[in-house]
């Protein structure tokens, strides 16, 4: 039972990072129906920016997160304008390949300038100390990751539900043409969506750098896919679904690894993906829609 | 029999022989030296893989991101047989074993998965492909695990690759230009209308998926017979992407487009090898530029017309 | 015996009831009209009868050869194989395929030569292809589309696309044909031509026809019997004259000329 609770705690903090990344996938998919394969690499860029703010500028974790979020938001908007906007009416497959191209570009440009090696965060930014609750230990880093992730998700909920931008985003994702006719600036709304999604990925990048204490140019690939799976799991296009999916995938992965199946932990995630697609393709919180004839 | 020897078919046959002779000549006088041969074989194997994927994506309209998984099954099946049985017999047996295994696994995957559409199908096939790769990695006793298989005899050569490409092309074209091929295309065009016209859409989607997967398997076998070693890492997501890029760049539904695209991308990669570190950056920018400026690929869904090469004369419906 | 008998057919989408307790009969070689205001559930009914939607309740009995077969739960392609064909309200042709291929695809269900025979080009393949080519051209000629056999279906003008959809449906050799608003978007002259064409089809192909239409003059001229749907229910049925004077129908159509 203690092992289970311990893995649950580990899973919750890892899962909250997945959830942040999954939110970006889900928001972008919701609005332009694109699986943004480059999203995992924006998270990688966020991790590097966080690393340089902490090691180069000697600032703390919170400023690092804010700067990484701002830079990633800008990067996301630029990528959308250059690579995705011209393809908005092309076939889905074409935009998907473009997204893969952008992903490769970010990975190998980073590798070219930073080298392929793994970098570690300096020890002094990591919060030392462990909270012991009945045999389960929670590190302060885990606690911090969890708290920051929850705060960001609350902020996102506020933006989506209460602000004008959020309303525009929901309108465009329901019907872009109708939204345009109602006077909503669709291009600007798509830019905001990319900015917000990428900012969340940037924050997740800094947090994961602290969690594993190592970053590398290819670190975004697998977590990117897993975050996407998390988004599908919860119901793609649905924001609470992405949060739930992220946490579920994180917990599941640590549980499998914790019970000795670490070789199969990736396979388990994919099997879950396949099962959810086969049983309820619209995801846990999604509605099944049938094509109108 | 007289149906086989139409003017069009004879022209294609002559063209094929000429292409074969040209490459054999270039190899014999060492213009295509051993380095270029490596590049050429790679292009050839990619063509086989791309033809299979084009059948799935371009003809039946099903978006698969899991081609590398089927290639892996074909490569490992062939590799394992070739380590036991020497020579051509082993290679042929390996190809056959790979096809049977791939067909079985593709069928098992297809039946539940092909109910999904578009992106969902893409992600599900990607998931299956990764599961195949992880399974191969973890079956240490049979596959050698992460270290892979070594000392596979080298049997793949130009004749094998050229032969496989020609046979695949003939089979795919014959399939496409038949009632079954038209039914497959109708699924791509409008699944609901196809179903309402009496087309068993599930059957034709599955058929295209399994045939495409089997071609990937043969491509994998050629790969196994060419590179001496196999490791699971070769068959990751990026391999599926490479093949997908060829198909989309050539034009979805265009077989000649896939061939031309495989050549162009293969040659580009060869030149980029000189820029070791910049290679992937340039390649990724190229992918983006190609997609933005040629979203329908080089050939669209059109084919190279043999009559246009021989003579400027419009062909009648055949 | 009726060729089609529909008993208490009901379709619910979530809480919404699209059709409730629909009873309907079609006799052999009969031309039946199905009318009703927008959203009355006409197309939903077609979708249930052709297997696209599964009914929530009720029975669909189809008797192509004098023996009743229950259609509930059968997939659309199986329903088509039994002898029911349809057209769509929003034309659904295979737009990037040629006109003749559109028709040949509808003949696929009767093809006997297998995939292997096609791939290896055995004699049976050529025999089947020649037969299909001949039959498809004959069919296209009836619809005055034979000249355009090699054009892409998506490039045809609107009226010809509507005709091709009917030709394609007939290529499945149906006993019962559903036409979903065949005259939608046509001008008066095209509608008149279509009226004649539908009559000719009924004679030549010996089919029963059920058509949904908003053009009242066409319905009154063509149909032998009419069913009126409103809010998913049959509110009236009978001969054209009876429907014309039916009080409930006039109420349902209030503001529209009947």
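Order as written gives the chain letters A, B and C; numbering starts at 1 within each chain.
We adopt the following convention: contacts are C-beta pairs under 8 Å (C-beta built on N, C-alpha and C of every residue); 3 or more make two chains touch, one makes a residue touch a chain.
All values reported here derive from a predicted model rather than from experimental measurement.
**Q** Based on the averaged CA atom positions, which chain is farthest from chain B?
**A** C
**Q** By CA centroids, point me to the most central chain in this structure.
**A** Chain nearest the overall C-alpha centroid, as shown: B.
**Q** Using Cα averages as centroids, what's the distance between chain B and chain C in whole Å?
**A** So the centroids are 41 Å from each other.
**Q** Nearest whole angstrom, what separates the Cα centre of chain A from the Cα centre of chain B?
**A** 33
**Q** Where the centres are mean C-alpha positions, what is the separation of chain A from chain C, in Å?
**A** 49
**Q** Could you tell me which residues belong to chain A and also touch two or more other chains?
**A** Residues 293.
**Q** Among the residues of chain B, which are close enough to touch at least two other chains?
**A** 192
**Q** Considering chain C alone, which of its residues make contact with at least two other chains?
**A** 52, 88
**Q** With touch defined as at the start, can you tell me which chain B residues reach chain C in the complex?
**A** The touching residues are 3-4, 171, 174-175, 178-183, 185-186, 189-190, 192-201, 207, 301, 317.
**Q** Given the complex with chain B, which residues does chain C contribute to the contact?
**A** Result: residues 50, 52, 75-77, 80-81, 85-86, 88, 92-97, 101, 104-109, 111, 113, 115, 118-121, 123, 125-126, 128-129, 132, 149-150, 168-169, 171-172 of chain C touch chain B.
**Q** Which positions of chain B touch chain A when the two form their complex?
**A** Touching chain A from chain B are residues 57, 63, 112-113, 115-116, 118-120, 122-124, 126-128, 130-131, 134-135, 137-138, 192, 237, 241, 244-245, 248, 252, 277-278, 280-281, 283-288, 291-292, 295-296.
**Q** Across the complex, what residues on chain A touch chain B?
**A** Those in contact with chain B are residues 29, 33, 35, 83, 86-87, 90-98, 100-105, 107-109, 111-112, 221, 225, 228-229, 232, 263-264, 266-267, 270-271, 273-274, 277-278, 281, 291, 293.
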